[in-house]
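The two complexes that follow have chain A in common; it is paired with chain B in the first and with chain C in the second.
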Partner chain A sequence: MSRLDDLIADAARRDPRALGRLSRIIDDDLEGKEEALRRLHSMGGDARVVGITGPPGAGKSTLVSNLIREGRAGGLSVAVLAVDPTSPFSGGAVLGDRVRMQEHATDPGVFIRSLATRGHMGGLSRSAQQLLTLLDAAGFDLILLETVGVGQEEVQVKDLAQTVIFVTVPGLGDGIQAMKAGVLEIAHIYLVNKADLPMAETAVKDLQTLVSFSPNEDGWKPPVLTSVATRGEGTGRIMEEMDRHFSHLKASGGIAEWRRSLALNSVTEAIRGVVDGSLQHLMTAGRKEFSEDIDRVGRREEDPLSVARRWLERLDLSRG
Partner chain B sequence: MSRLDDLIADAARRDPRALGRLSRIIDDDLEGKEEALRRLHSMGGDARVVGITGPPGAGKSTLVSNLIREGRAGGLSVAVLAVDPTSPFSGGAVLGDRVRMQEHATDPGVFIRSLATRGHMGGLSRSAQQLLTLLDAAGFDLILLETVGVGQEEVQVKDLAQTVIFVTVPGLGDGIQAMKAGVLEIAHIYLVNKADLPMAETAVKDLQTLVSFSPNEDGWKPPVLTSVATRGEGTGRIMEEMDRHFSHLKASGGIAEWRRSLALNSVTEAIRGVVDGSLQHLMTAGRKEFSEDIDRVGRREEDPLSVARRWLERLDLSRG
Partner chain C sequence: MKKIRVLIAKPGLDGHDRGAKVVARALRDRGFEVVYTGLHQTPEQIAAAAVQEGVDAVGLSILSGSHLTLVPRVLEQLRERGGEDIPVFVGGIIPAEDIQTLKEAGVMEVFTPGSPTSRIADAIISTVAGE
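Moving on, here comes the complex of A and B:
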């Protein structure tokens, strides 16, 4: 049996070391990645993926920690994929979350993985999708996908998660701001965390108003909940609504729809991955020439598209 | 003289109708886009681009409005590119910003353009970069790039703007959250808006502490400012620091570096643009077949990468 066989067999029984190693293989584009992903994909089960999103400082990490505790108490194995848009310059992730999640570090029923961005050509969404394939294959009962950020990234959460929880805090801008971030049509559960702060009621009412305007095409009316995550308050209710939404999805055919959207996402990301890899290879090989072309564009002697076309002619998409 | 000639000539003297039409040509991928971008690129002058970023609700739009007023009072022509990550589902942008900026609507020295996301395969960063080429060619004295969001998008702001202002509000999470968002190494000016709220001083001190840890490789020490944008307080000081940073960039060679980074960005985005366009064309032409492939991936009968490779073999990069 090859080493990859062993790793995958170990991952299938949620061995943390095997999961960690496969995560690194996927994340760092190491040898065996393609083969691993191919096999993990075929093993995929019926992952239940809950996305938790919202602005920085809303208390998402604390909420995730609470949900882990609640899930574990109910006998579920839980995986967390934390998508941290850390600096592309420092390359390092801040340890805040991990510190907060330390209480779960020794629990074999919990696996936590932090995902850093990998620069412009990489793609957070691709890595997240591939790690999800791993966690799905490992058969976790509940996968929590924590993303910091608003805007484009939430679209990715929507592509990857069945249930999306949007967490906000009192006093954080008005209703228009929430709409601006485009969360209205994405989230299935709204949560006002730090509900012991002043203006909590206003925040709840604002969200309720916004929800009342949302389309609800599939018949799900998003609830607006409150919590004080630092004291664990509200977690039970959130878990109940997560379960209720999951039942709703099963009844309405939403799970099949999600599975298809995930498949579409994984194929388009795979396409981009091959293109990006080939480009990176090409540019590395022709580094000096590429650099001169960039300088020419900077001096306005040539335009970006002409340079792009010249390099694309040399692209070999059978590699990468 | 062709219609495109006319449009470009009119845009060069900042005619709002020509700018609007060229923006639409660029944004909606209309005929003439390639040729227009080619010519606009060659006209590019010495745009001064200031990025304004921060979480939703921090008051960025109000600040932008104040900066327009201040810039106009100083005789500058001002363009605003507002990057709104509005919902990919509704497709429409919320009018909040435009309402807020109405006072500038009739001023011919001001041009405001809102940029909506264009879904997964589109790319906000590409559109923003191309519209910047237009505004640069038009010769605006000051271009303000407002982006909602944290994380990946700020990396794009960093690629496009010479000076980045990070706006936050009191009480929005702790220092670790700011670091998480990776803004520390990106912003050149920090602003605590809504400084009349409680905890404003704490926010300032937190940021000052973080700034003191930042590398400052080019010798610029980011100031931490305060404002109450709704009352216009603090705008003069922000403008001063913007000017000071611009002088610093000119003295330190930072402008040349920025120009090169912008050129690199425009070429890689052009490459992605051609690839995305070709893919979209291919998938539209083979819509039924592609849809069947996706279903097969969803049923786990085939893996994403194998499907991706099959479609890539058929990719024609000379179009798109």
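Moving on, here comes the complex of A and C:
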């Protein structure tokens, strides 16, 4: 058997070393990635995926840690992908979500992988969907997907997760903020964490108003919950609502819809990945010429779209 | 594109993580992805995290004087979990006479107070590149 065969066989029995290595191959576009993903894709399909999103410091990682504890107590194996931002200057990142989850580090039924966005917009990394394929193939019962701290528009998690929990804290904005489009629209469960702080009731009311306005086309009315995650308060209720939403999805055909949206997201991301990779290759190869074109656009001797078209004609997609 | 990915951890009981944070930040600014696990980590937790995170290197920050106990246990835990190929670096207050002992136990390099962070980054880069 080849090294890749071994890794995939080991990953299928949730060996952390194999999962760590494969996640590296996938995240870093290393040799064997496409072959691995081809095979992993056919192995999975049963995972339950819950997305956790919300602003920085709202308590997402602490909530994830609480959900791991709750899931483990219920006999579930749990995997976590936790995303933190990449520096736009150095390309580096400090990935600190794990700090809140380290009590689960040595539990053989738990696998935690930190991820950097690497410039990807949408609240996740480009590799997040592919790593989901890996964790799904490994047979984890519950996969928790923690986004970067989000503002208003990072909504990719809705394509990857079956259930989305939006975590917020008291005092972040008034009822008008809650009416705006974007990330506040996508959740199935709203959670006001740090509910022991002043203004918690106002935050709950604003979210209840938001929920009462939303169309609920799928017949699900999102609950608004409270928690104090650092003390574990409220976790049981969140888990109950997660289960209730999952049952609702199964009964309403929502799981099939989710599969389709995940497949759509996977294909479009794969296309983007190949185009981006080819583009990077082309720009690197033609660095000097490209830089001259940029200067010409800067001097207004040529417009950006014409330059872009000329470069796109040279794109070799087999390089992606 | 292969990034350099490291885990920075504080094993044991000392509660001073400024040094670890300075190093984490400096490595970030050199383009590394730095997984930070926080204070009071057991060798088991550190090794398990390193293996799951698929890191290229582990950096241990120890100021408590218990390096001769903790570091070998981290190395042993890494071996036990299939992470014996992950190089380990140590930083902190380490007496000169212990540096050789740590290196003999398998530590790649030891950085004492005042080491420029650029030297730490360079050492990790050359170790990872040389693999």
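The definition used in the following text is that the second predicted complex is superposed on the first by the 297 of 320 C-alpha atoms of A that agree within 3 Å, B and C clash if a C-alpha of one lies under 4 Å from a C-alpha of the other, contacts with A are read in each partner's own complex, and residues count from 1 in each chain.
Here is the rule we go by: a residue touches a chain if its C-beta (ideal position, glycine included) is under 8 Å from a C-beta of that chain, and two chains touch if they have at least 3 such contacts.
These numbers were taken from a predicted model, which means no experiment stands behind them.
Peer 1: Quick one: classify A:Gly286 as touching chain B (first), chain C (second), both or neither.
Peer 2: Neither partner.
Peer 1: Contact-wise, after the overlay, does A:Gly139 reach chain B, chain C, both or neither (first, second, both, neither)?
Peer 2: Neither chain B nor chain C is touched by A:Gly139.
Peer 1: For A:Gly232, decide between first (touching chain B), second (touching chain C), both and neither.
Peer 2: neither
Peer 1: Just to be sure I read the superposition right, which of the two partners does A:Arg24 touch: chain B = first, chain C = second, or both, or neither?
Peer 2: second
Peer 1: Which touches a greater number of chain A residues, chain B or chain C?
Peer 2: B
Peer 1: Identify the overlap between the chain B-contacting and the chain C-contacting residues of chain A.
Peer 2: In chain A, positions 86-87, 89-90, 94, 96 sit in both the chain B and chain C interfaces.
Peer 1: Where on chain A is chain C touching in the complex?
Peer 2: Residues 15-17, 19-21, 23-24, 28-30, 86-87, 89-96, 98-99, 102, 105-106, 111-114, 116, 118.
Peer 1: Along chain C, where are the residues that touch chain A in the complex?
Peer 2: 1-3, 5, 24-25, 27-38, 41-42, 44-45, 48-49, 51-54, 81-83
Peer 1: Looking at the complex, which residues from chain B come into contact with chain A?
Peer 2: Where chain B meets chain A, its residues are 34, 37-38, 41-42, 44, 55-58, 84-90, 94, 96, 117, 119-121, 124, 148-155, 159, 169, 171-174, 176-182, 184-186, 259-260, 262-264, 266-271, 273-275, 279, 293-295, 297-298, 300, 303-309, 311-313, 315, 317-318.
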